[in-house]
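Same chain, two partners: chain A is paired with chain B first, then with chain C.
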Partner chain A sequence: MSLHRRRLAVVLSLALLVLSVAAAGCSQGAANQGTGTGGNSAPSTPQIAFYGATNDTMVFWDPSDSYSNEIIAMNNIYERLLQYDPATNQFTGVLAKEWQTSPDALTWTFTLREGVKFHSGNEMTAEAVKSSIERTMKRGNGAAFIWEAVKSIETDGKYKVIFHLSHPSPLDLVAASGYAAFIFDPTVAQKNGEDWFSKGNEAGTGAYMLESWQQGGDLVLKQFPDYWQGWSGKHFSKVVYKTVPEAATKRQMLEAGQLDFVEMLPFEQVEALKSSPNVTITTTPSFQNLMAFFNTQKKPLDNVKVRQALSYAFPYNVVVNDVMKNYAQQSRGPIPKGLWGHDDHLPQYTYDLDKAKQLLNDAGYPQGGFTLTMTYASGDENERRMAELYKAELAKLGITLELKGMPWEAQWDQGKATKPQDRQDIFVMYWWPDYANPYSFLYSLFHTEDKVLFNLGYYSNPQYDQLIDKANGLAATDRQQAIQLYGQAQELLLQDAPALFMYDQEYVRAMRSNFKGYTDNPAYPNVVFFYNTYRE
Partner chain B sequence: MWAYTLRRIALGIVVLLGLTLVTFLIARVVPSDPAARWMGPRATAEQIGAARVKLGLDKPLYVQYLRYMADMARGDLGTSIRTHQPVRKDLAAMLPATVELVVVGMVLAVLVGIPLGVLSAMFRDSPMDHLGRVVSVTSVSLPTFWLAMILQLVFFKSLGILPLADRVDSIIKLTYPLRPGTGFYLLDSLLQGNWPFFHSTLAHLMLPAVTLAAYPAGLVARMIRSSMLEVYQEDYIRLGRAFGFSESLITFRYALRNALAPALTVIALTFAYSLGSTFLVEAVFNWPGMGKYAADAVTTADYPAIMGVTIFIAALYVALNILVDIAQAVLDPRVQLS
Partner chain C sequence: MTTTEVDDRGGGGRTDQGGRPGQGSRTDRPSEAQDQATRRGSLFWVWHVLRQNPLTALGAAMVLGLVLAALLAPWLAPFPGDGGVDVHPKSQLLAPSLEHPFGTDELGRDLFSRVVYGARISLFTGSLVIGLALLIGIPLGAAAGYLGGFVDEVIMRFVDIVLSFPPLLLATALAAMLGSSLVNAMIAVAVAWWPWYARIMRGQAVALRERGYVEAARAGGVGTLRILTRHIIANSLPPLIVQASMDFGSVILTSASLSFLGLGAQPPQPEWGLLISTGRTFFLTNWWYVTFPGLAILVTAVAFNLVGDGLREYLDPRLRSV
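Our next item is the complex of A and B:
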């Protein structure tokens, strides 16, 4: 090797070495600043809370249209007249300090809190409340239908709003809804154009107001100085919503203190986090359950005995234990545990192949011998695993189950197909209520429909329809009586078995152990009311 | 040369027009209802119908296409079905993040790949060459996703010297905010003299950039090595040595320059390719860039976003190809532009 070549080799090698050392060196200082942001920040830095979301935080910006993931932030920017706590079945006044209904539940009067300001600086008045709700109803987007009973809204002075209904309806539950019940400053939309909100603006009364937002990046909220509850006590000065789709990254960020709260993690990541000393895991029954609707208009599922047999053939415990890792429990009827109307005394189908065989025999299918198609949402691993297990069980009865994982739109389109023979036999779907009302489950999923929407078992039973409609009217005035009627209606459902009630899901939250003040309220799924939280 | 360039640009525009048509048709024939997507999972038929009219989806497909093209000519790429924001605004927010990452990744790839290739060629069949081979073959064959996680494990979790994810530290971002600028954090913070921000950005860039650089670095090293070995056999190199030219003169002035041409093509094409394919790197490092945006657009059949991303990357491909051809002519006098 010549001297020149050797010298050149040394120079090139050195260049590579210098490059790597420089890279590591210049990053080290910054890395020290970069890690451990959450808990280890310098005393001068403001108290900032970090929420780790799986999906993009903001989809709809318009408080009238909001019907998606953005409710996790919207509930800190906007407020409603009332707040509902399913654990105690109690309402708390938020923007309304008092409310009452007429004995016939057709007139609801809300007296507003005085001196509440919007982020725009204007005062929250009866006129603003009336305009907000009217705008939401007029736009008719998202969950606006929850106000369907409202005939007219009038104001009485500056702080009194009166709702006139066309039929009795629990307006307290509606006014406390997580969707479509936000009160906003309507004058800003009037002044800046109808799509002002959609462009990424807000005008709420909430504790936090928008500081900055970038598509795909962080949403940053800051304290609203004029918030009506004031800022004494421990509160975060800012809230940052970070979208972290990759579960492993999210878990590591939580462990490193870069996130305070994570709304959803795959079960294996939750198990791995359990040994982490700085992380707390909490579980709460959610209002979400998984159901499979039997096509009650198509052979052989038009036979109630076949549907009952299929209900006995589902491996409930195996699915809850092995697929859901016990972060779920077998459903007892369509109303999930935790939501009023849920009845702990209702009978439950259990896994019993002998009974299933007997019922099939009675129905005239002693050897099974038929094929059913079951559609479910593709990409949902839990649904897929559940479906495979069910398929294996039905095979033991001589029933072939064909599984079709499909995108939601395609699955739903097939379910709504005009010709009944083009529809699936079994339709798997999650349901959660638009607001904390069991009527959402019982009406949307099982009430007779002229045009198919969500009654995807095509069930129709006039006696059932009558029971739940009556109960909904009573929900406003006599909730105990309503619960009783809902119980009777659910018994009918279990008898007719238009659906398989698989499991009620639990919310599994992972958060830093020093993140305090959080309570999971399933009426507002995935929402952290940051005003109540602080870092210890 | 000017005539050649103009002709290539004209051809490029024809290619892009054809591409818009093909992409539009493919994105629209897949079984999905953009109006239903727009309204969310529980929309009623009436709401979906209203959205269909609002989005112009009730018109025949050719009308929709012509309308799209007319809007595009005005710089309007439509509104994303998924994010409900103008696609142009979305791209403007995502693009700098990805471009910054890819540029730094490519610079790293070149800085590592070229010396590695040169060293391997100079010391053919020596331990240096073997080492170079092991490094480059390994870096080409490691799955991106796996490499990214291993780097996180080593440099974040075990050594604690590099950050885990994100473009910049969240606290730094809030305490030393950057004024609006180009969107390239490194450049903006440098121009604004915002050193904490610059430092943090650089640190956050390291792991994703190294992950992204692994493949092209190995590729460039192997290409440089083989081209240089070929060039070393040429008569003019032997002649140079016979004349007693210094080894560095021979290597850099004659051998490397001739060996660079094929590597340049690879680098340019990998650059354009990386812009749309950084999804895995962006996912693991939570990088708010175009790769993730493109992947989300595909999985949700968000056709305006798919169109926007495709047109942008295709335009870049075309532009880079033209530039590479011109650069080749500059590097290699044998290449004639005609």
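Our next item is the complex of A and C:
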């Protein structure tokens, strides 16, 4: 027994030494040799695309419930009525050919494309669209709430769907959402049982269909021969999603040609990859920003002065420069730059310890003297580094910041704990919109909630609620007015400081230089529409 | 080889060696070892063992170095603040130099200072876990061995259940349940560890309870508790000390593994496993980040193993080369 354990100890120690030496040895240049399998196992057939993801790709299989990593694959298996491009603020029809709304924005009519087939072989009809959306709404999981304005859905002939709304809502944005707006063949679910999708099946109209999948392993998609856009021109015949959690491994696989596209790499790796001739780095603005929610229900953060002080104590510039390497900029309110509703005239908190001290003094904590716990997603390097920098700043104010890196589920569970005293003081989280609408930020994160979901600062302000609800009603008919109301709501937020608005980040993508046809669309984060891509 | 298990129950407490014969001679050993230590004076045997065993001497020197590093951390570390909350984002990821012998990390902290401060955490972790494991394992093992019968069955079957899990796996599961913090990780490792000591202690107790002086004490009306503490446990310490000193390295390694997995120490604590976990992102570009904390763990694990080996050699008459 003890011998066994000692041997284990020695072996592990030696393994560590070997690893360290190996790391030292191949630190420069030699990295091209790739991992143990060697660089030669690169895709031998040129028409298979490899996507390197950090987390397991398939969390939800049900297109109604989809609310997580799987959208990178779902968007190739399923399609929506519309596609939205935030850069031009334009919609394109996907499954819908034409669409129009009544002047009061209460009735929306979509005319469908004809001759579109599901992977199951059935035709995509108005009836299928109606049942898909109704099923999603009925299940009420994930992002299903985006359809909340829909009162009833009606079909007119085989190719016309009419949505009746209870109050005005931008249904074009909803129908183009990356979540909860997929159209699927409802008959297979009716035939095979409600949980048929969740067992790892699909019935979409997308260019690629499921070939194989293993829990914890690769997801393989193959061409759907009857795809409505056809297969002439250059396309990949298969797409493989590989889960590669280690950044260093991802980088090596990319350099060795074992991956075509990598969704996110630490900036140190990005800098090192810039010199590689076979790899292209692109940066695009995202709708993703990082926030830290102050527990507005718990002492001492229930005091607005303390929250403001903490907002003044955050080293915004240092984090943007030295952690994010300038692949980010300080946020201006919760709505990220590039999304409509973002307001360039909003005030920003600056790093100002004197002001912070003054505010703490006014709040009755001249020497600080309290301890706060801050939870963040473990494994996220940027969040951790930001947290350590913040801790150093708060220490100067006499405030002890306890950092707790947790798996997301555990972090979220603690945030939703029934007893307020069990909850954290500060909750760090990224947010990106369910659909390209500022309401997604302002409602989900700060609207009064009876049951905690994502309002993790537990903020409640009736005046604020009223403003954003009114703005959302106007979004479809009078967008300028809506933007103005959203601006007022954000000013309220900055004053009440229920959260720290840290930075809007850019997406940094690394891909093989011969991987062509990719364009980044922040409305569909991390998604590669593989139908448009090919290898040169 | 372990010197300690007394396997008198056939298949019950199975060991790596599978019940070696010759238990008779071993039952004499504990008191003999004690006698020698007192007869010759402890300084003498320390010197004697070290001279006979250069490897043990090396191990002892390394352990001494570690203890000194831990104690003198504030004076030894060029940037004592870096072991705590200080950050210097402007000097991030500098290669080793005279100013920063081990380089700097991604927030500009001096890695040498952090590794030195890490020795504090590691030695503290090791002592606390071993202490806790002994505290649980000794009373249970002694009770099982001395009382025998039903008590023995219950305790040892439970020990077998716990031992059927690999210690790292059990500790990982427990730490995940308790939540991530250094203290919880230490508790988890101790809970996974105590059965080893319970088993050794039980073997000793079974052998000792038939000894003349124990029977004499019993005949003289001495209470069970007193016999257990004064005679049984007191005379079983040498093999436990050997085992504990050898386990020290493994415990530190296991705790570092938990921290590596994010279940132990939390940033910015300069725990070695956590340093390696953070540094692995950089191991292609900044070799020094994982190397030095890794070497620190290696040195510690080897040092305690060498010391443990030396101790065992001294205390086990059959292995002694004198």
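As a convention for this text, the second predicted complex is superposed on the first by the 432 of 536 C-alpha atoms of A that agree within 3 Å, B and C clash if a C-alpha of one lies under 4 Å from a C-alpha of the other, contacts with A are read in each partner's own complex, and residues count from 1 in each chain.
Methods note: a residue touches a chain if its C-beta (ideal position, glycine included) is under 8 Å from a C-beta of that chain, and two chains touch if they have at least 3 such contacts.
For clarity, every value in this text was computed on a predicted model and none was experimentally measured.
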| item | value |
| --- | --- |
| Touching partner for A:G157 - first (chain B), second (chain C), both, neither | neither |
| Touched partner set for A:V318, first chain B, second chain C, both or neither | second |
| Touched partner set for A:W408, first chain B, second chain C, both or neither | first |
| Comparison of chain B and chain C by chain A residues contacted | B |
| First (chain B), second (chain C), both or neither touched by A:G233 | neither |
| Chain B versus chain C as contact partner of A:R385, first or second or both or neither | second |
| Partner chain in contact with A:A248 - chain B first, chain C second, else both or neither | both |
| Partner chain in contact with A:Q215 - chain B first, chain C second, else both or neither | first |
| Which superposed partner A:G115 touches (first chain B, second chain C, both, neither) | neither |
| Chain A residues contacted in one complex by chain B, in the other by chain C | 1-2, 4-5, 8-9, 12-13, 16, 19, 23-24, 26-27, 31, 246, 248, 252, 410 |
| Chain A to chain B touching residues, read off their complex | 1-2, 4-5, 7-9, 12-13, 15-16, 19, 23-24, 26-31, 33-35, 37, 41, 45-46, 48, 50, 56, 59-61, 67-68, 140-143, 145, 198, 200, 214-218, 220, 238, 240, 242-246, 248-249, 252-253, 256, 258, 407-410, 413, 434, 451, 453-454 |
| Chain C residues within the chain A interface of the complex | 1-2, 5, 15-16, 85-87, 89-90, 92-93, 106-107, 163, 167, 179-181, 196, 199, 243, 246-247, 249-250, 253, 257, 262, 266-268, 276, 278, 280-288, 290-291, 294-295, 297-298, 301-302, 305, 308 |
| Interface residues, chain B side, partner chain A - complex | 31-33, 36-37, 39-42, 44-47, 82-85, 89-90, 93-94, 111-112, 115-116, 118-119, 122-123, 128, 149, 152, 156-157, 160-166, 169-175, 196, 199-200, 202-204, 206, 246-248, 251, 283-286, 288-289, 292-293 |
| Contacting residues of chain A [partner chain C, same complex] | 1-6, 8-10, 12-14, 16-17, 19-21, 23-24, 26-27, 31, 246-248, 251-252, 266, 268-269, 272, 318, 321-323, 378-379, 381, 384-385, 387-389, 391-392, 395, 402-406, 410 |
